[in-house]
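As written, the chains take the letters A, B, C and D, and residue 1 is the first residue of each chain.
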Amino acid sequence: MHKAIGIGLIGTGFMGKCHALAFRAAPAVFEGLPPVRLARLADVDPAVTERAAARWGFAAWTTDWQALVTDPAVDLVAITTPNFLHQPMALAALAAGKHVYCEKPLALDAAGAKQMAEAAAAAGRRTLVGYNYLRNPLLRLAKELIEAGELGEVRHFRGTHFEDYMSDPAAPHSWRTVKATAGAGALGDLGSHCISLARYLCGEVAAVQGAVQTLVPARPVPGADGQLKPVDVDDQAQALLRFASGAAGTLEASWNAAGRKMGLTVEVTGHKGALLLDYERMNELRLFTFGDRKRLDGFKTILAGPEHPDFAPFCPAPGHGLGFNDLKVIEVKALLEGLAGGQPPSPDFAEAARIAQVVEAILRSAAEGRWVEVATV
Amino acid sequence: MHKAIGIGLIGTGFMGKCHALAFRAAPAVFEGLPPVRLARLADVDPAVTERAAARWGFAAWTTDWQALVTDPAVDLVAITTPNFLHQPMALAALAAGKHVYCEKPLALDAAGAKQMAEAAAAAGRRTLVGYNYLRNPLLRLAKELIEAGELGEVRHFRGTHFEDYMSDPAAPHSWRTVKATAGAGALGDLGSHCISLARYLCGEVAAVQGAVQTLVPARPVPGADGQLKPVDVDDQAQALLRFASGAAGTLEASWNAAGRKMGLTVEVTGHKGALLLDYERMNELRLFTFGDRKRLDGFKTILAGPEHPDFAPFCPAPGHGLGFNDLKVIEVKALLEGLAGGQPPSPDFAEAARIAQVVEAILRSAAEGRWVEVATV
Amino acid sequence: MHKAIGIGLIGTGFMGKCHALAFRAAPAVFEGLPPVRLARLADVDPAVTERAAARWGFAAWTTDWQALVTDPAVDLVAITTPNFLHQPMALAALAAGKHVYCEKPLALDAAGAKQMAEAAAAAGRRTLVGYNYLRNPLLRLAKELIEAGELGEVRHFRGTHFEDYMSDPAAPHSWRTVKATAGAGALGDLGSHCISLARYLCGEVAAVQGAVQTLVPARPVPGADGQLKPVDVDDQAQALLRFASGAAGTLEASWNAAGRKMGLTVEVTGHKGALLLDYERMNELRLFTFGDRKRLDGFKTILAGPEHPDFAPFCPAPGHGLGFNDLKVIEVKALLEGLAGGQPPSPDFAEAARIAQVVEAILRSAAEGRWVEVATV
Amino acid sequence: MHKAIGIGLIGTGFMGKCHALAFRAAPAVFEGLPPVRLARLADVDPAVTERAAARWGFAAWTTDWQALVTDPAVDLVAITTPNFLHQPMALAALAAGKHVYCEKPLALDAAGAKQMAEAAAAAGRRTLVGYNYLRNPLLRLAKELIEAGELGEVRHFRGTHFEDYMSDPAAPHSWRTVKATAGAGALGDLGSHCISLARYLCGEVAAVQGAVQTLVPARPVPGADGQLKPVDVDDQAQALLRFASGAAGTLEASWNAAGRKMGLTVEVTGHKGALLLDYERMNELRLFTFGDRKRLDGFKTILAGPEHPDFAPFCPAPGHGLGFNDLKVIEVKALLEGLAGGQPPSPDFAEAARIAQVVEAILRSAAEGRWVEVATV
């Protein structure tokens, strides 16, 4: 029997709650996981934090994240704060000897991410970055199919992450719309997810040619009576990709993509077949392979089910789909297994630093109007 | 602050786990729910039950369900056993003064369901039956749209529940394939879900004309070396419906519907519009209404999001879909609110008895080749 | 070289034009067809008819259909008039020794259809009824798959023909809304198409249990200042089907199906697979078969292409879809082949009389509230 | 009454037949068109040409295209030959005083296209280039919506033309796989269609950054016993686009896109909405606009119907879709109207030369690894 792992969670917002629910669910959904102790919760507003701690079952709470990261009851620090806080919090947690589970993007730039990866290596602690869309059982199936050669030689990748939460010019200015606190705009917030999937399915991105646009150059400051403040990050981004394998591709991100609510899509094509995954229908994998009877060829729609990785513990019945939050439960399962001595969780800080390099290469390419090798960033 | 509600759960299978996960999640997902205490778990296999109790966080376990239903630590008995056990367990729990949360179908026949409803009324206890597909936020939106008159006068309902888990003639004989232990076949197991949605959206079913077929007349007995045993329940069923409102409709159920994994669908049509919901894409509601500009008319695909009932506590972002298990979390939320003095949970035993009447009317109609009024069953 | 076949076309409306275009196209699309001579066109309005004759290339025109059916230049009479005119025109044409190509439904009732079939047999002339949706290359593929046993034993059929052109209560009274001139309402106009497909795929319908509703009991008389006139035909119809093969099924028709523009759908399920065809996406066949690798099972979407019957003469490229009018071109091709000594065109009057029997059995069943054997109608 | 326009058609292959069918159909489908006389057909094989002429109704035929372009009976020369023949044939036809209707791509490069445009201007003849996908009624609707501001300011275009007819490495070497006879590969054959739609919807492309790949470097020579010959054109291409309007975009083309049969897609996004068109479902336009009731927002699927440009003459019923060949009929209608003194047909040679410039800019950019301004090509 494993000793319970003490969880310290920083952040009570969208992703904070998502983490909390996942830590509660994972040990009950999956067999053989180490038990989890919800040790401490931190956020800035005491009333909110206290109520959340009670509701989510945390034993203690604080408004001082530094107290949390040094708390002896905490073995793992989970970071769900705004981007610019990831680096100081993670470094402090590693310095205190904790494992770290950090939301994406890892840092504000590639240098920051690299520093975090080096700190993790030096500390000998386990890390995981919350690229949760990697946990989709059908994405796992997709990778297995690619690795088994079912698509033949992969020649083409096409990915997007389109949402529309900033489509309205009246959507407010925030830490997300400032380079100094967000690192990048839609490319960092959404595009980095798509890069995580591109790498997972097709291997390293070798070079990029990018373009970025700021469509809404200034946005209203909340509570400031219509006062506008300049935006210095991208609203949408496009890139041509060249993979180390030689495959070509494109990648796009936008938070101004009117009508798209979860427009994370990937398409991989080889000379023998192709597959598509669209996270607005995340329980469906579309698969095409040339068959013996050409008249029966067509894209097949495979519904997620217990035959696919990590699905069965949720439900023994196929087509009874998983939800967005379930992906986090699978992520936490991989994390806990890693902490209990299993396979190191992935993507760790080092891998997330590779993703940050791709983001930065696209931004640099866009600024300089030329192809940029990712390795040089 | 509410006193914690002691949960006694009977059954550790598919739905048992689904209940356990939901009881763990609901008080963390939703604000203001009474706390829950996972008091006791019961099932027949001691090793399985002990492990499940540990994993799911139950304080105690037993192989004696009668001990569970009389356990003073238990306030609510949740029943997830095979159909034929629902009635004795629920009656015993009510007799012991417990609230009862029972999986569907409620009983083996309409008479049994009626008896259970009467016992619940006599005991003055709260009951809820697990017609979990009623909890879909988009179904709730559908009902609001209908009630607001957006479809005009409702004239037509069309529903199915198609799955294919018995499609293979080698799928084994079990309690599900025997009338004495299951009550009905696909019509009871799946069709009853569809009836629950039909009633929710369109009101009471007044009369039915049904047909049922047993496609695989005998199935192999597990572990009996290929020995076949007769099946006396339906593999598929069809019915014409007449609603009390005057609307017409059809309903079909099959567990031999090759290719369908979660083929619960409803379509409601009025003179001003129509809507469709397909649970293989349960995060999408398709809505048509005649507009001012005919050339722009078309079915709209609405993605579930925080604007829809009960969605926001899971995720503030639209299109980040819910999963099958999340429906049970919403169901448990409604249950706990009801137990804490809020609106009585629905469908309770009395409502579930109405559903049982529709099932039985279809079976009787099929046997007699004529229309059967539901009220007379 | 064949002698050119002289075509006499009655009707210049929707289907009249569709016929004219098809007669112009078929001999150019398909190789080896006998040449066609557009001999004469008839309709009631001389100006309209003259202009249409010029535009469509008819050598002559008339407002006297009786002159057309006895015109020696006419070998084949094509009838596209309102339903109540089919019978007298076809009988006159047969009496004059012509082949007859008649739009559906063949007659106002089963007796009328039978009489027409007998007249055709007595005259020894070729007949074809315009159930054009039978011509879809993917429907032909579907039938081949069923006959080859790819779905296993067929157990279930589910069909609809839903459109919404009468959904608006202000849609005017016309010959279509009167039993004496239309025979039936949505069931005859649309449902008969679906019956033609059901028979094609699954064989004869043995018995039915039907229900019909008149949703709009009176409609405005055109040009009569809002005056309403009663409607005595169905706006929507439902039926349970029992096929001679033992398969069960359902069939529905409605012209009040808000949002459906070409909602002709068929689903056929066997124990090894299933297929679906929806004429709003008539270039897509959805096919499911259980495979060796359960995790890769799913419905496949097959796009129409030159590998499918009758497609290649239109286009050598797959996915470059056919349109509604192209189905009529294929129908005319089958007709011309039949007239040139090839396989008799199907469905002829005798087969269309079988379809009329099914329609009538549903109406009788609806009136009497019991199952009706089709053979007895 | 117009004098009949004499048509001289060169080519009897895929597009030759498509033209022939369209010339037969257009004057019958549409009212008010000038009559057409199918004067002469030319191709290299006498037997094939003679049979095609007979089947399609041409008065004469020849194997000498030069005889055709100078034939006094010919007013319009339609060119459907391999790419490298477009320029000499069109120039000869213009020199002979004929109007010219030429398949795409217009020439082998931008310089050739420009020369053709200048020759047409000098000759004062009407020209049209066969970018047939521009004729889709729903594309016309899309443009009207964009122009009416329904999407707000357009910020993003995303287009593809993916097919898979060269996916198989054994697909043979031909004039299509040689730069000297084709000009470009997938980018010219397919990508040029997508460019035609991009320009139509979003205006001129100002600059591009492209990448191209030859995936199958050598292909078998037909009839040469497995002998391989090098391929010097692209199998797939990607480009970032910058429109004159300031909008950004991407464009991709591939004839190795396994599973795609008619993968021409366009997506246009503004700050108020978005629309999508996929030619595998060419009768469906997907439209999103932000509405007053956020909970009802979603993409609407609009089915083509008589309310949309040029649809009604084919069929008065919505959802009764058009086919691929029907687009050519609409194209021919626009051509004939232009020849009869109406609006000049578009895209003429001058516009097609703009498309050729975009193709060439992408190729140059790919070679030089930098952004290329289209105007400078």
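Basically, a residue touches a chain if its C-beta (ideal position, glycine included) is under 8 Å from a C-beta of that chain, and two chains touch if they have at least 3 such contacts.
Keep in mind that this is a model prediction, so the values were computed, not measured.
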Cα superposition angle of chain A on its copy chain D, in degrees to the nearest 5: 180
Centroid-based (C-alpha) most distant chain relative to chain B: D
Which of A-B and B-D has more C-beta contact pairs: A-B
Centroid spacing, where centroids are CA-atom means, of chain A and chain D in whole angstrom: 41
Chain centre separation (chain A, chain B; CA means) in Å: 35
Between chain D and chain B, distance of the C-alpha-averaged centres to the nearest whole Å: 54
Shared interface positions of chain B, touching two or more other chains: 260, 297-299, 303, 305
Parts of chain A lying in touch with chain B, wherever the complex brings them together: 14, 18, 20-21, 24-25, 27-29, 31, 51, 55-57, 163, 165, 260-263, 280-283, 303, 305, 314-326
Chain A-facing residues of chain C, complex: 141, 285, 287, 294-303, 305, 307-308
Sites on chain C touched by chain B in the complex: 151-152, 155-156, 158, 167-169, 209-211, 213, 215-216, 236, 238-240, 242, 248-250, 252, 254, 256-260, 269-274, 288-290, 297-299, 369-371
